[in-house]
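Single-structure report; data block below.
For reference, chains read A, B and C in written order, and residue numbers begin at 1 within each chain.
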Amino acid sequence: MNPTLPRTNFHITTEAYQGPFELVLDLIEERKLLVNDLALASITEEFIKHVKAQEHFPVEETATFVEIAATLLLVKSKSLIPDLALTEEEQQDVDDLKRRLEAYEKAREAARELARIFGKAMLFEAGARAPEVSFAPSKDLSASSLAEALARALAARAEVEKLPEARVKPMITIEEMMERLAARVEQAVNLSFKEFSGSAKEKVEVIVSFLALLELVKQGAVAAEQFDHHGDIRITHTSADSAPAYG
Amino acid sequence: MLTPPQALEALLFAAGEPLEKKEAAKLLGIKPEQLSRVVEALSGELAGRGVALVESANELELRTSPAAADYAKKLRESELSRDLGKAGLETLAVIAYRGGATRSEVDWVRGVNSSASMKTLLLRGLIEGREDEADRRRVRYTLTTDALAYLGLARASELPRYGELAEGAGALIAAEAAAAAETPAP
Amino acid sequence: MLTPPQALEALLFAAGEPLEKKEAAKLLGIKPEQLSRVVEALSGELAGRGVALVESANELELRTSPAAADYAKKLRESELSRDLGKAGLETLAVIAYRGGATRSEVDWVRGVNSSASMKTLLLRGLIEGREDEADRRRVRYTLTTDALAYLGLARASELPRYGELAEGAGALIAAEAAAAAETPAP
């Protein structure tokens, strides 16, 4: 990271966070940490607070924010209770989040570089010369080929508009996951309670407040789910890759 | 930092058409009497290349060099004989079915920038542009009479599946125009 | 007789717009795989001149060189269009630094739905989509020569901090696998 780069363009505080990765990275960078388990655990609470406080929450992304909150909680749980064994799927979620954050961190840095040079030293195209027009139709031109071309273009557009809705992920799985996680954390605390010695009281307090936090997220998940009854909540992975050729 | 001959080359390239010598000197920030040395230097640099500097009494222009005439001719022939392809046909179809369209309207229906296709269709005499009657700052493109005759059509409504396709394109344009009016840059 | 780089310069100058690489090879009478050497040679010959060769994944175009921006700007003030927003820049960055990306890859990296940004970039002609050669059901988006020109770059490898910020092949494969796992077969 280059500390000399102007970054004001990207830290307009009144602007709503566009996506969860942006928020996670901002919180990590504020603490001058690198993307790792420790950093993720240390920002979990703050992330959830932000999510709950954000009024202009992009509706479409609600589900994604809650999903990331859930994964962060996994990391946090593991950091508080090392005995807690993550399932293979959970561990995969955590690894996936770290990989994506690393990729996004680079993309964000790259975007700053592009912002710095975009339009600054433009390469201009050749000046337009008056075209010598001569009527030259082509072999592939006919009334029916025009009809086919327009029908194809309209169909491709309809597909692009439609695709996001096709990939709705049921929110219920997140709520279930939260509940499961809460239950497992409680159990793990009970199991290892006797191991707590001198600083036990402090640690118990941390975990109790953490459980309260989990409860909040659960409520958030429920709220998001209820919202889903009024409008579609879209998950970000579209593969709406059908688009007409440029030209 | 560019030398004056290099700056002149860039200016003439960007101008496209012949540039007045007085204007060129002004844009280069030199005195008119200094220009001839710059012109001479650029001519020398371009000697034997694919592009040449053409100088008349009052004007300067870049042109493909005589040695490159064959390539320019081949390019032109290829441009005129090529299939229109998917992008070209789509662009022409939007203009045909709408009975005329602006550049943005074509872009909106296709979802991509159509400048290159429009240029080709203009060059091949398949469409022509006129000031839009509703908004004089815009150009409205329509099929040329040659194109309509080639397609064997007296009017747009004779196109296959006219009602359905014209309506589909119209709906997209209306939706995009409304969206463009309310959203700023992303 | 012109050398192949000089002939290419003449062709691109005469075209006055981006020329498909395939088409350029055909017009030069060389095999497509021989083109990259000619492109390299011409880029070298144009170094320090007022005109530069811009190369995107699929096309070649002559443009004024970065150093000439201040001169050319005087002639073409109107072309300077508005900046891209944060979302647009991030989307452009993912596509640029990965040497092209599918829509799901962009979403995967940004963690948000990027359809709106992609649409704007397509409409502005800054990216173009083509069938992915590895998987024909997908569309791969790459920068256009126009996007490179806005950035003042002749080719993607000149992007700032390219080596450091470009994603390695490993990360790309991970992204593809993740996207494939979450995408039901169409």
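Just so it is clear, a residue touches a chain if its C-beta (ideal position, glycine included) is under 8 Å from a C-beta of that chain, and two chains touch if they have at least 3 such contacts.
The structure presented is a predicted model; accordingly, all values stated were derived computationally and were not measured.
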Leader among chain pairs (count of C-beta contacts): A-C
Identity of the chain that, by mean CA position, is farthest from subunit C: A
Most central chain, judged by mean C-alpha position against the global CA mean: C
Subunit A-subunit B separation of Cα centroids, rounded to whole Å: 41
Inter-centroid spacing, subunit C versus subunit A (mean Cα positions, whole Å): 27
Inter-chain centre distance, subunit B versus subunit C - centres from mean C-alpha coordinates, in Å: 20
Subunit A, residues touching no fewer than two other chains: 124-129, 160, 243-247
Residue numbers of subunit C (touch at least two other chains): 13, 16-17, 62, 64-65, 67-68, 72, 75-76, 83-84, 87, 122, 125, 128-129
Subunit C-touching residues of subunit B, taken from the complex the two chains share: 1-2, 5-11, 13-16, 27-28, 45, 48-51, 62, 64-65, 67-68, 71-72, 74-76, 78, 107-108, 111-113, 115-116, 119, 184-186
Footprint of subunit C on subunit A - complex, ascending: 2, 9-10, 18-22, 58, 60-61, 64, 68, 96, 99-100, 102-104, 106-111, 113-129, 160, 164, 167, 234, 236-247
Residue ranges of subunit C touching subunit A (in the complex, touch as defined): 13, 16-17, 52, 54, 61-69, 72-73, 75-76, 79-81, 83-84, 86-87, 89-90, 92-94, 96-97, 102-104, 107-113, 115, 122, 125, 127-130, 132, 137-139, 144, 146, 148-154, 159-161, 165, 167, 171, 174-175, 178-179, 182-183, 186
Subunit A residues within the subunit B interface of the complex: 124-154, 156-157, 160, 243-247
Subunit B residues touching subunit A - in the complex, by the definition given at the top: 10, 13-17, 80-90, 92-94, 96-97, 109-114, 116-117, 119, 122-126, 144, 146-147, 150-153, 158-161, 165, 168-169, 172
